[in-house]
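Same chain, two partners: chain A is paired with chain B first, then with chain C.
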Partner chain A sequence: MIGAKISRWTMSYFAAALGWLLVALAMLVGGLGYPAAELGAPDTLVVVHAVCIGWLSLSVCGALFQFVPVLVARPLPFDKWALPALFLINVGLVCLILGFLSLAGRIAPAVWLLPAGSVVLGAGLAMVALDLGLTLVSQPKGSALFVIAGLGALCATVALGVAFAFALAGSAGAYGDALLAAAIPIHAIAGLGGWLTLTAMGVSYRLLAMFMLSADLGERQSTSALKFGALALSVAVVGGLFAIGLEAGLGAVLIVAAVLGVISLALYGRDIATIYRSRKRRQLELNMRMATVSFANLAATVTLGTVIIVSGKVGVHVGAFAFLAVFGWLSGLIFAKLYKIVAFLTWLETYGPVMGRAPTPRVQDLAVERRSEKWFIIYFLGVWAATIMLMMGEGQAFRGAAAVMAVGSIGIIHELVRVRRLSDVAGSRRLPAGAIAPSLLFARN
Partner chain B sequence: MSRDVIDRIRDAMRVVIDPELGENVVDLGFIYEITATDGVVHVTMTATTPGCPATGFLKEGVASSIAEIAGVEAVDVTMTFDPPWTPSRIDPAVRAALGFDNVN
Partner chain C sequence: MTAYIDVDVRPILRAGGEPFSIIMDAVDRLAPGQGVRLIASFRPVPLLSVMARKGFAHTDRPLDDGDWEVLFSPLAAEDAGQEDAGAGLAFEQWPDPVVTLDNRELDPPEPMVRILAAAEELGPGETLSALLGREPVFLFPELEKRGFRWLGGFTPDGSTYELSVRAPL
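Right, the complex of A and B next:
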């Protein structure tokens, strides 16, 4: 295969993801969930799942539908599954959230929505994992290995989530209840650390090298971070489940997993620094500069995690730690890469078919970096302020900081819509003869 | 095969730009070989990354640009990644304009 085709539904995944982000931010600004409620309260679970599944997972899935065929130079075997999977994930997530709201007493009792939603959601994610996984195993090397490990972690996360949902509905038996009582940290580690972080790490290796024209790292160097990451995940999930089965505490298992995880992230940091140093493009575009901020946030998250573990304050500050990981590291990186991916795919869709027949703009001409940069800065300032307010226990000020995050997010989303509508492409190059303006929500291929 | 014909083909291909780098495929060093015999043009070219969704469009763009030349009856474009493209293939003036440095 000399070139992957444009993924028809990647923009739809991005649009749905951004919609869920706005819903989640509205909930945070409105005071729903942590810190107004406990970390494990149903209200908090509403926000957590809207963010982790709706915003983060849908963004990553959408990007992978386009990126995986590029990674292994092979088409997806079931690319027709992308749209039904998107439908199932969203329907399942809505059911799950309604189930949590039911648990919280905010709507009429309907806890059956939890197992039903988890099964529908699980089916959608399984379709994505199968489609991507079967493609990746054909060439299991480099970045593909990270994504394979990430998909494995996704399966573990979903399996535990389904068990929890049945347990909450009172139909999971004694072992299900034991899992619900003890395994939530494993569910969170598999989701945030395995599925989202390992996948983001793997994709970033390749995207950074492509966009900065850096030499690809040697196979041995790039997989050392993966080995420690996968080991950390295995210890957390397999060791954790054994510990729960033996009715032993999770503490020792999680400490070992955390040490391995920190080693993995340190190796990743070394690799990213190597890619930046060896780049041929000296001028960094906005997406790369903002990705750098997200890497700094990852380092800050690791530092914060280490400090609260050593000082014995995990119970007090785990919310702030998770918040910085989710909004500083993962969301920051996704926003930065969306800014590039949306422009690149929009360019290909609009101008690719007329290349050689008419003058075309550059990808960079579809966006105005100077105008967009301020929204990223506002977003990151909001994230840092919100994290500090969580650590200080200032609930009202946290809502204010979340509002700042919302302003930054809406600004970035507005810029993405302008890219999609070619609003910033001037003159006759905007739509040369033969070019068709792209649809906002899907590719016309 | 006259030098003039090859130059005309080369000039025609300059309308095809790499979307990411924003420069044309000729100055970026994507064109490995051009032959023209009795109105039939063969081009061997490359791109920055195998599998990139721009690759197919670049190939089609090169074929379209050459087909516009008077006297050309058929165009055959072959995409190859052997040898792989490196930034050292970029025309020195364009490389400087792109802000690249330390390229051997």
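Right, the complex of A and C next:
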């Protein structure tokens, strides 16, 4: 294959992801989890996994099913796995969350839910990783390398998660218990820093160059950010597991990994600045302007992390740090790119068959940027307010800020639904003869 | 003595795939002086002129089972680029384009829209050529569905994608 087809289930992944985001925001607004509960409390784990697996990971997987074949000009070997994997991930996640709720004493005790959920979830994610990974290793260069590293980190995250789940159910032995006691930071770093951030970095190199008409960066330039990122991750995971095995503290390992991670992100920042400077398109679309806000949030996250490490307040503010990384940087970037990807795929699916034969709308005609922009602004204002409230320990005000985030998110989701339904395309161009009206939840062709 | 990298595209062809990008990728990875030994299930005529433009001469021979082996050998630098008038093109050749589009400065997906619109205007067997800033990956399935053939590749400096599209006969 040289051309890329529309991925049938990408929209289904996006829809499930947005559903989980709404669930997670409802829990935050309702006062479930941190800061109402401890950072490591089962209630907090419910919210964290709904956000990181349900919302962030499902969106990234959905985007990768579409993006990876474009990246390496090759079809996925196990195209048919996308839907069963989506099913397994969702079922596994529901079991996992029920397991945490049972751990919290909110539902009847059922310890088996955690290991069972983690295995089902792990199987779904492994199918995704295998399908994408086998495609990517055929062309290991540029953005593909970032995604390969990200998938490696995903495997480490899942393996640790499964070990924790068995340990919580009391069937992982002494080393399992030791892991559960000490390795949670490694699990979080591999998931947020490795899987989600490295993948987002790699994909953004290509998407940014594409959307702004910039030249792709030289191979050597972009891989320097990857080298430091992969090194940071290896130090955190391998070094961390050794330290736990030797019953030494994680402190030194994590400091080294943090320094390497900051270098990686600084190089990434330099690369992104290069892409912006070399762009031919001066007027930026909404998705790029909002991506810029998420990059600023990444810079703010790095700054906040550095300040709390240097001032010795990691224990107090790690929640705010993770919150800003998850909702300011990763969610911000995903929202911004969803806005563009959904419009583009809908346009291609609907009008591809009649292009050149009948007048069709432009991609931009499917969305109304001015109306959508305010939802993004509301969302980001909510994120910043919520982060500040977390740092100030204002639990009630934090819930209010989370409600603002929910309003912004619902607004953006509403705009995405309008795009899918072609609601903003007027008149005879909406569905010329031969065009395929898109379904909300999957691609028809 | 030229060293050859083997590229066997028969499995891709059998699976109904389009091997062009695989071949171009192999070509991009060649060390100076290296060539490509291509094994295909038919004689890849349009590829010959594309490879000639990239600076490769070719010799080909049928294999026992109906497959073809084509040896692409790098020409000396001064010969490269002049191959259009040279050895490779005594075979079937696409006619000169009736439309030439320069889509390099257009925002995606405008290049795709314009190419499809122009392609619909072609007469049977006529060709168009287009210059693009990127490989138009989403265009190819649409061309395929409409029965068009195409050939494309990046210029050696990687800055421009040259695409030829031929209407069905």
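Convention: the second predicted complex is superposed on the first by the 445 of 445 C-alpha atoms of A that agree within 3 Å, B and C clash if a C-alpha of one lies under 4 Å from a C-alpha of the other, contacts with A are read in each partner's own complex, and residues count from 1 in each chain.
By definition in this document, a residue touches a chain if its C-beta (ideal position, glycine included) is under 8 Å from a C-beta of that chain, and two chains touch if they have at least 3 such contacts.
Note that this is a predicted model, so its numbers are computed, not measured.
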item	value
Combined model on chain A: chain C and chain B, fit or clash	clash
First, second, both or neither for A:R370, with chain B first and chain C second	neither
First, second, both or neither for A:Q283, with chain B first and chain C second	first
In the superposition, chain B vs chain C on chain A residues touched	B
Partner chain(s) touched by A:Q139 [first = chain B, second = chain C, both, neither]	second
Contacts of A:P75 with chain B and chain C, given as first, second, both or neither	second
First, second, both or neither for A:G356, with chain B first and chain C second	both
Which of chain B and chain C A:Q66 touches, first, second, both or neither	first
Contacts of A:F344 with chain B and chain C, given as first, second, both or neither	both
Chain B and chain C contact sites that coincide on chain A, given as residue numbers	1-5, 70, 73, 210, 213, 280-281, 344, 347-348, 352-353, 355-357, 360, 362-363
List of chain A residues in touch with chain B within their complex	1-6, 66, 69-73, 210-211, 213, 280-283, 344-345, 347-348, 351-353, 355-360, 362-365
In the complex with chain A, residue positions of chain B that touch it	13, 15-17, 19-20, 22, 47-65, 68, 79, 87, 98-103
In the complex, chain C residues that touch chain A	17-18, 20-22, 25, 105, 107-110, 112-113, 115-120, 133-135, 137-145, 159
Sites on chain A touched by chain C in the complex	1-5, 70, 73-75, 139, 210, 213, 215, 280-281, 344, 347-348, 352-353, 355-357, 360, 362-363
